[in-house]
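A, B, C and D label the chains in the order they appear, each numbered from 1.
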C-alpha cells in the first residue's frame, strides 16, 4: 500500500487529523446544500423561476459526489467492503440518478429518484460520534429496541381489534368506511396524534374512542419506562479513537489499538 | 392416555419440539391471512370485485380452524379446561359465525359476527412468550395496573367536572351541546389527542381549555413515573419451559418440573 | 355523647364496620345516579321526552342528599368542623340548588346551579383511601407539585413569547388575529394537543410552529422525570385505620390509636 | 463607592433585604401589567374602544421602565457589565420602542417593536431563584441539554427523509405539495401534535403515516429517559445567598462569601 493511499485514507475515512476534519466538515456542508436544493426544487414556483440555476447546481453537486465516490474506492485496499456497505450504496444512489436522468430524460420520475440523494443526510448522524453524550443514548436505545418493538407490536394488535370495533359501530358512509381506514384512525388516536380528518360521530363510537384515548394515555408510559431504566444502566464511555482500518474499513477500534482487530492490518496513527 | 395423544398434545399445545414450533408458526400464518381477509372484505370495491374468491377463502380458513378446534379438544384429557378458557372461547367464536351465516344467510349482520375472527389475533401475542425481553415488561405492567387504573379513574372524574364547566361556558348550539359531548371533548383534550372536530370558540372557553391542556401535559407524567419505577424493580428472568400439562392444560411450569404442579400428571419432555 | 350518636357517627363517617361500608357504597351509587341524571338532563332530546321522570328523580335525590346532610351534622360533636370543610360545602351546594329552583323558578340558570351537584363526584375519590396503591401515588404527586408548577409556569411564559411572535409573523386576518388567541394556539401546540382549528399558513409561521412543536416534544420529559424520581423515593405504607374522630372529624389516625391525636377524644373501635 | 450607591444597589439588584424584596415584587407587577396591556392592544375591538387609555398607560409604563433602567446603570460600578448583559439589552429594548414610535410614528411596525416589551416577562423567571425546588430542575435540564439536542437533531433528520417520502407518495395537488411542507407535516405528526390541516389521503400515504406515528410514540420516551436519569442524579441544594457584587454584577456567591469571587470587591451583608 503506497504512502499517498495511506494519506488519502486518513483524510477521507478518519477524523483525527486536521485534514480529515476539514474534509468531513466540507462534505457535510455540500450534503446540506444538496439537501436544501432538493427541497427547493420541489416547490413549483421556485423551480419555474430558477430552472437554469437548479440545473447547474445539480451537476456541480453530482460532480463533487462522483469524485468523492471514486476517491473512496481508490483509498481503500478492499473496495468491496465500502461499495456494499450501507453508506457505499447511499453514496452510489446519490450520484447515479443525475446520470440516468441525463441519458433517459423524464422529469417526474427523475425527481423521485433524485430525492434519493436526501438519504445522504444520514451521513450527518456520523458527527454524533464526536459527541460523547450520544454514546450513552445510542447504547440505551440499542438495549431497549427489542422491548419497544414488542410493545409497539402489542399496540398494533390493539389497533386492529379497536379499529374493527369502530368500523362495526360507526358503520359505512363516514370516515370508518372500511377496516384498514378504521385501523389507521385507531393508530392516529392511540398515539395521541389526532388529526381530526376522521372522527367518530355516533354516541357509542365516541364512548369507544374515549376508552381508546384513555388507554393510549395510560400505555404511553411503557416505552418511557423501558428507556429510562436502560438509560440509567448504560455506560457513557465515549469512543475517542476515530481511526478506520485502511484495509477492511472496520471503524470501531479500542483507544490504544495499533493493529486492526479484524484483519490485523497496521493502523497508522 | 395413549401415545398418539401425547404426541398430538406436544405438537398442538407446546413449542419445544420442532413439530410443535412448525405447528405454531403455520397457525400464526393462517391467522394473519384470515385477519387480512376480514380487513379486505370490509373494503366495498374489493368485495364487489373478488366476491367469489373471498367466499372460497372464507370456507378454507373456516375448515382449517374447525379441524384445529377439534384436534385441540381431542389432544387434552380434560377438554373443558380448554373449551372454557379465553382462547377456547375465541377459537369457537372464530369458526362458528361462518356456519351460522351459511344456515341463516344475512350479509350485513354476518360480517359483524365474522369480524369476531379478528380476536384470534390475540393468539399472536403468545409468541412474545419466547422473547425473553417481554417477560420483564409484562411483570412491570401487571404490578402497575392497579395504580394506573386509579390514576385513569381520577382523570375521568376531572373530565366530568371540566366537561360540565365547558358545557356551561360554551353553551348550547356549538360542539358542547350537552354534557356527555363535553366530557368526550375533555377526554380528547386531556389525553392530548385533540381531534379538532369540537373546539371552544368563546374567550372564556378557550381559557378553561388552556388550563385543561396544561393540566393534561403536567399529569401525563404520572403513569410514566409508575411504570418506570415498577420496571426498574421487575426481574427479567424468562420462563424457558414451554411445556403444557396434557391433563389440565396448565402452562406455567418451573424449568426443571417433571410433574404438573397443579394436577400431578407426568409431563413428557 | 349518647350511644346512638356514636353508632351513627361510625356508620356515616367511618368504613371499618359492615354498616359503615354499606352506607359508603350506597352513597356512592346515589352519587353516580345523580351525576348520570345531570348529564342526561343536558341532552335536549332526552329532556323533552322524559321531563316528568327527571323532575321526580331530581326531588328523590335531593331528599336523599338533604337527609344525609342533616344526619352528618347531627352525628358529630362539633358540626362546624364538617359544615366548613371542603366536603361539607360541596354537600350543601348539591342540595341547595333544587330548593332555590323550586322557589325562584328559571330553568336555564337553574341548570347551571344544579350542575354543582356534579362536584359530589369528588367524594368518589375517597374510595381510593382503601386502595393501598394510591397512597404512594398521592405522596409522589404531593412532593412533585411545587416543581411541576414551576415548570408549567415556565411553559406558560414560553407560550406568551412564542404566541406574540406567531401573531407578528402570521398577521391579522387569520387564526392569529390577536395575541391572546395566538397564546391559546401556542398552548394547544406546545402541549401536543393540536386541535387544528387554528393553524399557521405562512412559510415562516410554519417554521416557527415546527420549532415550538419540537420544543414541546423535548420538554414534555420534564414533569415525567420529576414524578418518576419522586415516585421511586415515596413510601407506599397504606393507612389502614379508617376511624374518624366523632368529636372533631379528624381522619388520619395511626393504626393503633385509641385517642384522637388532635382533641384527645376516645375513639370507639 | 458612596453609601447611597451601596444602598441603591442592594435595593435594585438584591433580594435579601425587605426593601429589595418590595422592589422586586413591585417590578414584577409592573411587568405583568405591561404584558397584559400589549396583549389587550392586539385585540382590535379593545384598541378601538380604549385607544386613549392605552396611550396613557403606555407612557406611564415606559416612564417607569426608563427610570428603572437609569437607576440600574447608576447603582453599579461597572455599568457595561449590566448594559451588555442579557437583561440589560432586554430592558433597553422594552423602553426604546415607545420613544422611537413617538419620533417616527407608524402604527403597524410600531406594534411589532413594542411587542419586544414582552421579553421582559423572562425577568419573572428570576423569581424561581427563591424556590428551592427549581434549582434541581434547572441543574437536571442543563445536564441533559446536549443529549436532548442530539436527539432532536436525529428526529429532524428522520422528518426530512419521511417528509420527502410522503411528498413522493401523496404527490402534488394535496397538502404535500412540496418537500418543505411535507417536512412540516412530519414534524406535526412525529411530535404527536397532529393539527389535521394536512392529512394523507392515499392508502400508501396513510400506511407510511401510521409508521411515522408509531415511531413518534416509541421515541417520545427518549428525552424523558434522559431527564429522569439526570434528575435523579442532580443535587437539590438551593443557593440561599442572593447577594450581587456591586462592582461587577456577579450573582452566584457561596453562602458565606464576604468578597466577590470574581473581582475581590467587598460584599455588603
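The working rule: a contact is a pair of C-beta atoms (placed from the backbone, for glycine too) under 8 Å apart; a residue touches a chain by one contact, two chains touch by 3 or more.
The chain lineup, named per UniProt: A, B, C, D = Ion transporter.
The model shown is predicted, which means the values in this text are computed figures rather than measured ones.
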Among all other chains, pick the one whose mean CA position is farthest from the mean CA position of chain A.
-> C
Taking all residue numbers used at the chain A/chain D interface, answer same if over half belong to both copies and different if under half do.
-> different
Measure off the straight-line distance from the CA centroid of chain A to the CA centroid of chain D, and report it in whole Å.
-> 32
How many Å are there between the centre of chain A and the centre of chain C, using C-alpha atoms for each centre?
-> 46
Check: chain B positions touching at least 2 other chains come out as 151, 180, 183, 192-196, 220, 224-226, 228, 232
Along chain B, where are the residues that touch chain A in the complex?
-> 35, 38-39, 42-44, 112, 115, 118-119, 121-122, 124-125, 128, 131, 133-134, 136-137, 140-141, 148, 151-152, 155-156, 180-181, 183-184, 187-188, 190-197, 220, 223-228, 230-232
Which residues of chain C touch chain D in their complex?
-> 146-147, 150-151, 153-154, 157, 160-161, 164, 167-168, 172, 177-180, 183, 189, 192-196, 199, 203, 206-207, 209-210, 213-214, 216-222, 224-226, 228-229, 232
Spell out the part of chain A that touches chain C in their complex, as residue ranges.
-> 192-196, 224, 228
